[in-house]
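Chain IDs A, B, C and D follow the sequence of writing; residue 1 opens each chain.
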Amino acid sequence: MYSTPLIFAALGGVISENSGVVNIGLEGMMTLGALVGATVGYFTGNPWLGLLCAGLAGGLLAILHAIASITFGADQVVSGIAINFLGPGIALFLSRIFFEGATMTKSIDLDNKIPRPLDGIFQQNSFFDLVFNQYATVYIALLLVFIVWYMLYKTKLGLRIRAVGEHPKAADTLGINIYKIRYFSVILSGIFAGFGGAAMSLAVVSNFRPTLISGQGFIALAAMIFGKWKPQGAMWACLLFGAAQGIVVFLGSTAISISSQILAMLPYIITLLVLIGFVGKSAGPAANGVPYEKGER
Amino acid sequence: GQKTPEQAEKTKLKIAMVTDVGGVNDQSFNQSAWEGLKRAEDELGIKVSYKESRQDADYGPNMESLLDEENDLIWGIGYKMGNLVKEEAEKNPEQKYAIVDYAYEKTPENLVGVVFKAEQSSFLVGYIAGKMTKTGKVGFVGGVKGNVIDGFEYGYRAGVKKANKDVKVLVQYADSFTDAAKGKAIANQMYKDGADIVFHAAGGVGDGIIEAAKEQNKFAIGVDRDQSNLAPENVLTSAMKHVDTAVFDIAKSLKEGKFPGGTTVVYGLKEGGVDIAPTSNKHVPADILKEVEDLKQQIIDGKIVVPYNEKTFSEFK
Amino acid sequence: MKNITKVFGNFTANDNINLTVHKGEVHALLGENGAGKTTLMNILYGLYQPTFGEIRINGKTVTMTDPNVAIQHGIGMVHQHFMLVEPFTVAENIILGKETTTSFGKLDIKEAVSHVEELSKKYGLYVDPYAKIEDITVGMQQRVEILKALYRGAEILILDEPTAVLTPQEIQDLIDIIRNLTKQGKSIIIITHKLKEIKQIADYCTIIRRGKHIDTVDVSVTTKEELANKMVGREVNFVVEKKERERGDVVLEINNLVVKDNRGINAVDGLSLKVHAGEILGIAGVDGNGQSELIEGITGLRKIESGKIIMQGKDITGRTPKEILEHKISTIPEDRQKRGLVLDFSVEENMILENYYKAPFAKNGILQKDKIKSFAKKLVERFDVRPQDETLKARALSGGNQQKVIIAREVTNNPELLIAAQPTRGLDVGAIEYVHKALVEQRDKNKAVLLVSLELDEIMNVSDRIAVIYEGKIVGIVEANKTDENTLGLMMAGGGTGNEK
Amino acid sequence: MKNKKNSLKEMLFSGNFTITLISILLGLAVGAIALKIAGYSPIEAYSVILNGIFGKPKYISYTIIYATPLIMTGLSVAFAFKTGLFNIGAEGQFIVGALVATLVGYFVKLPIVLHAIVVFAAAITAAGIWGAVAGFLKARFGVHEVIATIMLNWIALYLNNYVIMLEGFKRPNSEASYKIWDTATVGILEKWRYTDAGRVWLKAHPILQSIFKTPINLGIICAILLAVLVWFILSKTTLGYELRAVGSNKYAAEYGGINVNKSIIISMSIAGALAGAAGAMQVMGISKQVSILAAMEGYGFDGIAVSLIGSNGAFGCIFAGLLFGALKYGGPKIQSAMGAPSEIVSIVMGTIVYFIAMPKFIKMLLDARKRKEVK
């Protein structure tokens, strides 16, 4: 539950950075996605449409990032930071327009949210119920992990994406259109980040508010690096983080009296410890973050 | 003779407020305060405005620029501005100030503190929860532990205790006013552990809690304003805090030249500053509401003194 | 190619150059560093657009807007700096951009592999399609590059300094491959600085100097010397003069040293060696027999598993690179761009890489800019680094000039022991002559020089003694003037057992 | 001589100043469009903002107050960048700095000046260590600094909340700590302003009176000094040489005898100290206390933007910090003045950063105009 939005965003990061474009704009793309998802979901009463539009919104924002960092060889980190200002800015701006000045959207009632395919199959709060009775977004996320993995490592497209991320000049000499590939990857990453935001505002809760996305984008970024730029790796990282949060909640509910602030640190400390545990020498794609210019050497 | 509009403008009272980081649309006390001012505008013809704060560091400058705009009264909304407002008041003796949720040992003459007995409304919703739980377990989720939230927690506990000594109260803090996902996880955990009603005083985290209630088809209790619109079927009631009333009243008395400077105005049930949501009757049976009503009376008459922190709670029989 | 001109900013890299290549011929391009050879070829391959001039293929004019067009017209190019995706397999690299797929874009690696194997057989280019590039030797990588071109049906194959990085054996293989290709009607354009090779394989040779076309000659009727003079524009001296001299006492002593490589295998495996003052000790060997690890071991860049290294009587085993530098050991690293230079630093900053904290360059922690500048200025002049501007970023220098910067720095350290690894890789004869002089000077100052090179000629010309390294051990030491290429070649191949590596 | 001039230029706005200016204009233009869409008059809005920044001495003073921490966090990020490290952790280092400053400012009692110095020293030391942790994790375990610093940010946040809640530090009936002693503050004449003498004197000097309405303090001076220090360290010292070398090619640095791991740790600790200085100054100059944080305050993240707008140059950071401070302070005024959505501010900021990210585009615009003029 906690992990799902992270997985979406992290997958986005994986795609973009495998093509050699750093995307720290995930946070901003998620925020916009969250708002658009909640808004469309509220007005149309169709969560799927909401999810779709959220993806598109994230994608649109990603196009900005793409134009800057691919066409104009911008510093990808700077552009990403810009996205993180623009995303929330635009989101709140739109929110005020659609919800008579409110920065919080009206909430969507249960049956207009992303459905839970396995709802009611198990008896409430039984083990299975807690494990499997999840929102469709959860399954979509897991499915996407597989799809992205397949795309990156089993298809022609994936081979090209990774080649462009590793050694763009080589790809260029073989007549591969670096710009096309990178645009595709960046926009896709925006779409995924948008999904991630919607997974918050359409499944975890059913409305948007300015604080809904606070830091998830960066956690996703960390998860992607943690997962060594691989989809499955990123997924495990996200799940680990989610699990840690679960533990916190569980411990908090038990009698043992640890200061809740100390507890709250746990997920972050655990993540660090795990990284230290299996020496986290993670090196990304060779050309990651390097703008490509024809005729440059 | 006839006043020109300009003169009218000049003679018009001006009141402004500085929101805390929640912003004016926080669906909570900031918004409520603003509604109070708007009402003052409509009914008392007072000119009103607000300044939103994004981080704690904005309070000072916002105060300052409202000072420049020559308002007759400047509100600081939320305890976070407590000290600042006092200092401002001391720096600018000729300017009137007011603050929500803060009581000073000694209040400057040009400043009035307004506090709400959140514990009283929390007590009432606690009582309702205590009466209506089928599982004998109810929950409380706080945002970040602190005096204000303590008021909610212990008032609520007392209410539950009053209703039924044997009902267990699960208490947990989210250490955030924003992390809806965590709020949801906590609420789910509480429902799983057998609680069937959860009360929250945790801002944005509450969204997650009410969401959980919605999904599990359990009850949640809203806070600050009537939150039943978030989930009509699952919000049992809400512990309301009528910041609007307070803001309006002070505006009124200012207009009548009776500004209660130098004092701390306490808004409890008596003053209509706190209450349970009007929509409560949707889920709460009449007889319980009846009991709630005379509990109110007892509190107003001072027959019941509602505890507001651990110490007073331990003394609460 | 007719009247090709290419201008970069205000710099004319190619100035109205003509080049004609016939079917089935090997055409050599000869020129100093930065003469414009690579640029010209990049234009032919569509990587750069010519400022003026046109390209005709089989009579009809084509504009090479990008490599795709070039590829369609049967042009293939093996670049000076290989264009291979390290973490990919050989097969993946070859099919990249022209992938074989099954339903919905799924890669068909099997198909690709069989195709690759077929090509390998046809042209005698043997490679393991499943090996990762990062795990195979440079020679193998070059074969992959050639296969890439053939896989795309190249009829004209451009090779930019293909032999610069190869071992004698590999060069021989390459020459066979080239012959093989021309037999099958392919045309080859080869850029090289090695006149010997031109004589061996090229039919015609076009000489470029400072971007201008100097001459095109029939190789069979010209001499090395002629070529060299045309290229440099002056007399070039091939044989390194050095007078006999007695070698002094031991400077560096290595006792059965063991160093692992990145894959954790003992690359240096119980190696022992003595280097004396006033001698140049050449280390001959086929690439990948532990040369790199040996150097990194001595210089403290790689962990030493066991054994001892003694410098002038002091044990320096397992010391930090800094401490070892302090023991007056300087190194010309084999990978100039990775180890030797900070490409984004100016030339002057690079000139003090090892001495930045020492007087006169630094006074109690503060850099002395003017001292550094004047020092750098001197070296840039003395070592003829082009362009002569110490404020340029090292990145903007040609590989050859980058090398000069490093040599200048290391030699002026005046070390007791100078380690030179592939010091002339990719340099033109003029530059090479220069480097060799520098090494000999060191020796004549009674310093010790340890020369590691894959170029057998270089080793034989420059060294006093030659130690042959094989599988991490020294398999023999001979006097340079009492040996010949074949004996060394045999030793390098493992004492004549003939098992290739 | 010649390159003296250059270096001066670099100092001032390392990078192309006109590009920055044009980016700002474009940012404002986009903001204007957004305002129009929302149905407000851009001209009015911007005049409000301008007036809100320069209208009165105290506005300018506030702009500076807003800029101060951003300059320092910007320097922190920039410094790390120079060593090839991406310090997302300025946020957490800021928190630690502020927290420790408050602890020392409250629990330690020392004479004026000395106390302030001790507080500052303690704060930057602590924050330096906090930063060094990330450096150590990278050097020793190869943990990517981006992850490490992100995690450390949150840990710092909760640590802050935990410490504040401790008995004896938490001021009763509040969500904040006790205030630091006056001896530890860096305000300018803060008490005197409100003595009768001060009031009288200030009446006679309206400008100062206006300025002294703000908690103007020594923070900005500290920020500028730090900028000079950073510039000096990076370009003039052997330490700076080492760090930059490691930053742009650690293999060559290692070959040159530089201890790469040590450099990484040093760099991160200095970066941490810089961000910590921001936190310390915020406490000593403005808030005098730390309060419970429900969410990140964003000083660190804005610092990233500042550093990037300043193209990671020490003096670029001062400029960028002031720009950001101005927008953050002046921008929201359009809301109370004309009810326009203050999100415009983040949109404008975002756009500015966005265009600064792509000088190429700006250059293209310029060339296009030139060509027009030719015709």
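The definition used in the following text is that a contact is a pair of C-beta atoms (placed from the backbone, for glycine too) under 8 Å apart; a residue touches a chain by one contact, two chains touch by 3 or more.
What you are looking at is a predicted structure, and each value in this text was computed from that prediction instead of being measured.
A.B. asks: Considering only chains that satisfy the touch condition with subunit C, which of them also satisfy it with subunit D?
C.D. replies: A
A.B. asks: Suppose chain centres are the mean of their C-alpha atoms. Which chain sits farthest from subunit A?
C.D. replies: Computed centres place C farthest from subunit A.
A.B. asks: Applying the document's contact definition, name the chain pair with more C-beta pairs in contact, A-D or B-D.
C.D. replies: A-D
A.B. asks: Subunit A to subunit D: how many Å between their CA centres?
C.D. replies: Centres of subunit A and subunit D (C-alpha means) sit 28 Å apart.
A.B. asks: Can you give the whole-Å distance between the Cα centres of subunit B and subunit D?
C.D. replies: Distance between chain centres: 35 Å.
A.B. asks: Starting from the mean Cα coordinates of subunit A and subunit C, work out the distance between those two points in Å.
C.D. replies: So the centroids are 45 Å from each other.
A.B. asks: Please work out the Cα centroid separation of subunit B and subunit C, and write it as a whole number of Å.
C.D. replies: 76
A.B. asks: Residues touching two or more other chains, restricted to subunit D: which are they?
C.D. replies: 158, 161, 165, 295
A.B. asks: Quick check on subunit C: which residues sit in contact with 2+ other chains?
C.D. replies: Residues: none.
A.B. asks: Got the subunit B residues that touch at least 2 other chains?
C.D. replies: 145, 175-178
A.B. asks: If we use the touch criterion from the header, which chain pairs count as touching?
C.D. replies: Result for touching pairs of chains: A-B, A-C, A-D, B-D, C-D.
A.B. asks: Under the definition above, what is the set of subunit A residues touching subunit C in their complex?
C.D. replies: Per the stated touch rule, the residues are 154-160, 162-163, 166-167, 169-176, 286, 294-295.
A.B. asks: Mind pulling up the subunit D residues that touch subunit B in the complex?
C.D. replies: Those residues of subunit D that touch subunit B are 52, 56, 58, 62, 65-66, 158, 161, 165, 172-176, 179, 193-194, 213-215, 282, 286-287, 289, 291-292, 294-295, 297-298, 328-329, 332-333, 335-336, 342.
A.B. asks: Could you please specify the touching residues of subunit D with respect to subunit C in the complex?
C.D. replies: The contact residues of subunit D facing subunit C are 3, 236-242, 244-245, 248-249, 251-259.
A.B. asks: What residues on subunit B touch subunit A, complex-wise?
C.D. replies: Per the touch definition, subunit B meets subunit A at residues 23, 25-27, 145, 170, 172-173, 175-182, 184-186, 189-193, 204, 207-208, 211, 214-216, 229-231.
A.B. asks: With touch defined as at the start, can you tell me which subunit C residues reach subunit A in the complex?
C.D. replies: 45, 47-48, 66-68, 71, 77, 79, 83-88, 92-93, 96-99, 101, 104-107, 148
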